[in-house]
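Please go over the structures that come below.
Note that subunit A is present in both complexes that follow, paired respectively with subunit B and with subunit C.
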Partner chain A sequence: MQHLSKISAVTLLFVMFLVTSCGDEEPMDVLTDNFDRSAMLEFWADDIMIPSITHYVEELGGLANSQEHFANNPSIESLNLLRSQWLTAYNAWQEVSLFDIGKAEEVGLRNYTNIYPTNVDLIESNIATQAYNLMLPSNYAAQGFPAMDYLLFGLRSDDAELVQQLSSQQYAQYLSDIIQNLVMLSEEVLDDWTGGYREIFVANNGSSATSSVDKLVNDFLFYYERFFRAGKVGIPAGIFSGSENGLAVEAPYASIYSKMLFTTALDAIERFYDGIGYGANTTNGPSLYDYIFHIVESNNTAPIHDTIKDQWSVVREQLDVVSTSFKNQVETDNIQMLKLYDELQKVVVIMKVDMMQALNIKIDYVDADGD
Partner chain B sequence: MEIRQLAQYQQQTQSAAPLAVIRILFGLLMIISLLRFWYHGWIEKLYILPQFHFHYFGFSQVSISPNYIYGLFILCGISALGVALGFKYRSAITLFFLSFTYIELLDKTTYLNHYYFVSVFAFLLIWLPANCYYAYDASKDNRVVAQYIPQWNVDILKLFLAIVYIYAGAAKLNYDWMVNAMPLSIWLPSKFDIPFLGSIMDERWVHYLFSWGGALYDLSIVFLLLYRKTRIFGFFLVVVFHLLTRVLFPIGMFPYIMIVSTLLFFGPQFHQRILAIISKITTIKKDHFDNGNTTQMSTFAAISKWVLTITIVLQLIIPLRSHLFTDNVYWTEIGYRFSWRVMLMEKTGYANFKIVNEETGKRFYVQNDDFLTAFQQKQMSTQPDFIIEYAHYLGNHFEAQGHGDVAVYVESYASLNGRPSQVYIDPNVNLRELDNNPFYRPYILPLND
Partner chain C sequence: MHLRITPIVLLLLLALTSCEDNDMMSVIDTPTTYAFEREGESTVSFSGQTTRIAMATELVNGMLDFDATTESLLEMYANQTASGEDANPYADSDLNASTKSVKSKVAASNDFFSANTAEAAVIKAEIASWIEAQVTEVYPNRNQFADVGVAGQIADGSEARYVNAKGLEYNQAVAKSLIGALMVDQICNNYLSPLVLDAGENISNNDNNIVEEGTVYTTMEHKWDEAYGYLFGASTDVSDPLATLGEDSFLNKYLSRVDEDGDFTGIAEDIFNAFKLGRAAIVAGDYTVRDEQATILKEKLATVIASRTVYYLKQGKLALANNDFGGGFHNLSEGFGFLYSLRFLRQPGSDLPYFTRNDVDGFINQMSAGNGFWDITAETLDTISEQIAAKFDFTLAQAGE
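The block that comes next holds the complex of A and B.
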């Protein structure tokens, strides 16, 4: 009998472990500890991401109108209006680019919006043949804001000639097509957010690698490293090639704006990190800063939440030294650009190493066993 | 123990049932593990997709064409089936050991203590007569059948388990684990969404409870299992402990392997019961094997005794090697592997490689994405031997590309158990000029606490 009871005890335990081991696919009731991640996700969605994307969609609408106005009334004045609206929309994009999640990730929004350096030959051949499919990956580098930068600022040095050429049927059509493509894609992303994705995003408040916090933090880091640090500064400064390339900056044809675009992106990054709501009536909410603070405070480890913030101040100090035109800076005194890169790089190290360790979020999560 | 007592001990016999049960369950678990590995797409992800593999010291020649990798896994699975059935057992377990170990040697990125455990356990099983009872071999050949085996045949497996647990427990008796409750203080708060316990996972006392409890468990479990009176309680702890780790950490098959292994500590009647159940399911009667014989002394058995003794001695020595070469095994990772240091550190790193042509002065940085998978990058950035091997690879690659006689430097940072990140490898050393010496790594900068 004693053995029988042993057997039954063992059987019971085995059943127990079968039950527990089956549980990893199913969502479980989420109990909250002392940091409210759900509130953070709600704040990110309602006060940062959705307002940013809404604003971006509005500015693209404005861009489409300006283009139409220019096509109907070509003049230097309407050209300048179009250019100015392009800049406004491009700045609005900088506040959206870091949230490559949900529909934006699915459709590859960034690929259609901001791949640079733009491919001038491809743009010209598309315009000449008038046979192009903007949805094809092969056309990533022939559209978006960089293509408009070329068309609005780089095509002709004389504005009067530019007005004439841009208002010609083929050029006007291409400009209109690439703007409409952005309008369509961004509306798709916004509709997804308002049509149910917001609830999915907020509800996915667990700790798995596919949870919203883990994913967005990974996306944020990826954006910071790849598109912000490397794309805007590192690649033009020749970090990865050994030789600087002025044409690789963002908006090289209107390069006086390259620093402004960078600054807008940095502002958006810091606001997201600090938990500052988007728009005029800004609110503060739970943020990555608070989350890291919660962890390092309870574990009594180094205050990296402040280290990260402090380093961004250093970045801004170095940014003051850099010319408004990154192209100019790279071509005349690349050392300052390399210094800017170094300061940006320091944040990568703190975020990828210290922050990710503190939050226990895995970088580019690979599902594999540990021990 | 006196010589006479030792001789006497060697004469003692016991039922062959425990060894048969372990053989069957081990074989089946291995089949499940391999299928699971395949199912998750890890064969492709870990062995086919990477364009470059990290090698163990002394095994740089181990490689396999992508065309054959699935074949190797199939071979490993079939031999595991042979082990479970006791079919051509000696060949099956040998083949299993070789194929499994070969897979592990392909890329040290995938190193896990539990894979190493499987290799050593399989190696021990090669030398034990696990096919003499309730096995296909024994059912076909009466000369193989034996109801009894020398007691040390089972004891040696228990001894190996004792080494694993006690070394794992002793390794936990370090400052980070006991005083700072690290790395559990990092891991547990992110488990806020597990049932029942989620809400207390960021409490300090929970981190200490788990740290101290884990150390106490590892150090005491073998003794609880050895004594009849505490055995059931001990096994209950085994199940609870390993299932808890299963819930908390992505730990794969390891909990089940350990739970099954500890069944060895139960007496023969318990194993007879399990075989009776298996017998009912398979309708293969076990009476045939109850012939009252003991395995006979053979040349093989004589050799086995020596091989197993040496293996156990090595198992006692190998985990201690780090103490000869380093004062912080977690930072330098000298002697870290193969020493049952399980779940003892959270290390995060970042390694940025700089290629410099010293003649022309031209320099640029490497995008690690171009060469390594995300998983390889993660492992590489915290382990010095990976960094050196990768640097050599990069140097050769860029030289072949026509960048001249390049030097390779690394800007690397690592953070250990919640400490602020600090520079890891000397950034002023051309890594191409370094040997990948497993015991001597002067290029690692000291850890500042």
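The block that comes next holds the complex of A and C.
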């Protein structure tokens, strides 16, 4: 009897082990969800996205005016006004970039606006030949804010010389063309929102892969991972290549602004997540935070809605240690940039796995092959 | 007391038995690195393979250099002029000084093509025709948008891809076809073949440590190294290449990609181990163990190519379903080249290929029919993928994601 019972104990342990292993393989139950998606979509459209894009279009209008003023009255003073308006518009873009949905996605707004590092050789060859089609994919890296960063800050180290060169016919024409391209594309996106897309977006309130919530959350995550984490920090810090590259930061020629642009983007990310209205409109509305909290509360699961927010606080603590110029930071003490990347990456893990599982949203993009 | 330990004893016995089984399998130890010496000198040599990988790299990159000409690109392919004279088409002067070429080793294995030169000539010419078409069809349209039936550029994310009128990137077709037609064909159907390894006096020379004149290696050792070189010839540390896997644009890179896919983890190590053990077996004069390793290599390398083919067809299908034509075409262009490479995969323990020329022509024709990638259907891509996966022990899901 004793013999048998010992074997039984071992067998039982073994069986328990098997059962436990199998249990891990089974998919998680879909958590209870009766959150009001429609109200959240309305808030996103009316209080965050449309105001952000409206503001961006206004600032691009201001940029076009500053450029015209500079071209007609070239001076260091008008150059500095132009630079200042470039920075304002670039910051406004940081509040739009994360919403790559609808017409923005269709026209590829981000590709024409903020592909960097910019291709200086291509810019110069376009200017020299005067033959370029800015709509072609091969010209993505020769336009947008990064090309303006080069033209406004990197063309010459001496401001007086820069004024002279940039106000010459061919350079002025190119600068005007790339600004007008942004004006045209952003107006197309805004017109689409106000011309019927807002209603389509809000009405698509289901929970399928093509629903507005599923798509926008995917776009948000993709933006966070690819353009925010990797683009602004990871690639310059050499995470993927193994060697840091100061020229790969956002706005390397006006690099004292790279941290500001990053911070504006982080603010926009957090406001979207928290459901805070755009600009002076600080109304609170239904948000991803509320949505996750709703699921966490009704299913009594881990409070990841707060874990994500807490981790962004850690990101900001590390951001305090980093220079206003990411280029300078990468070139003098890259370890601090790597630490910033690590803190950003921790949020990716929570969002990509825990958040998406809680919200029952399937990731609709794959990590690119890279060739 | 006795009763208490019985189950543990049983378990221990089981564990010991397993270990003994493993030990019985190989009397030759698998070396930790691919480093072999005779009288203090390295016997490992495969500079010709490193050279051809470098030539193929310049050729494939050159196809996207819009200043290149049909002439300059075909010279990179053949390392000679159209009239057969010496050419210097490469940026790397060492390559210009070399007399080796990519083209001469395309579809040139002993086992598959020595008595099948007509088909070899067709394959060589087909790859040349894609190189030529890049210049005549795609270059003139490089500054316009591609469209149905119109060559040009198309956006894939933030990249510009350059496609022909059917959506095919010729540079991808050439690069991925060379993985089969050059690398895999030379490794599996030439250098790992007993007909090559054991040719002439190779066995007795190897048994008696008779080295090739002016070298420290036997011919058999060298043949095995040449197989190794087509996979690891561009690695930073050729004796320990897994640490930096993915260093060329050809077989090495895609072994890395497949190894990173969770369903095939460890395949790179399996392949590296088989190369090391097979080479050690040659040193030990054990040709049974050598051929066992060759069989493993043929099977694993075929799995790399076949699973990547299915992967790219699946990724292409998914992108097209999202109306991402640029991304879809890029994946299908890679898939097209990998499909072409299927012709060179050899069934383990057999002289037969997994797919005949007719099979592969059938796949390629389905990919190219009508407007090509512009109107290819998910059903067509699924059917091709199923036919490929059916010959291997991976599922569509394992390879495709």
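What we mean here is this: the second predicted complex is superposed on the first by the 330 of 371 C-alpha atoms of A that agree within 3 Å, B and C clash if a C-alpha of one lies under 4 Å from a C-alpha of the other, contacts with A are read in each partner's own complex, and residues count from 1 in each chain.
Everything that follows uses one rule, which is that a residue touches a chain if its C-beta (ideal position, glycine included) is under 8 Å from a C-beta of that chain, and two chains touch if they have at least 3 such contacts.
All values derive from a computational prediction rather than experimental measurement.
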Subunit B or subunit C, by number of subunit A residues touched: B
Contacts of A:360 with subunit B and subunit C, given as first, second, both or neither: first
First, second, both or neither for A:140, with subunit B first and subunit C second: second
First (subunit B), second (subunit C), both or neither touched by A:111: second
Intersection of the subunit A residues that touch subunit B with those that touch subunit C: 3, 6-7, 10, 364, 366, 368-369, 371
List of subunit C residues in touch with subunit A within their complex: 3-4, 6-7, 142-145, 153-161, 249, 253, 257, 315, 318, 322, 326, 331, 334
Subunit A to subunit C touching residues, read off their complex: 2-3, 6-7, 10, 108, 110-111, 115, 133, 135-138, 140-141, 364, 366, 368-369, 371
Subunit A - residues contacting subunit B, complex: 3, 6-7, 9-10, 13, 16-17, 20-21, 23, 28-35, 37, 205-208, 234, 238-243, 294-295, 298-299, 301-302, 304, 307, 345, 348-350, 352-354, 356-371
Complex contacts: residues of subunit B adjacent to subunit A: 40, 42, 45-46, 110, 112-114, 185-187, 189-195, 198-202, 204, 232, 235-236, 239, 243, 246-247, 249-256, 259, 266, 269-270, 273, 342-343, 346, 348-350, 352, 362-367, 373-375, 377-378, 413-415, 418-421
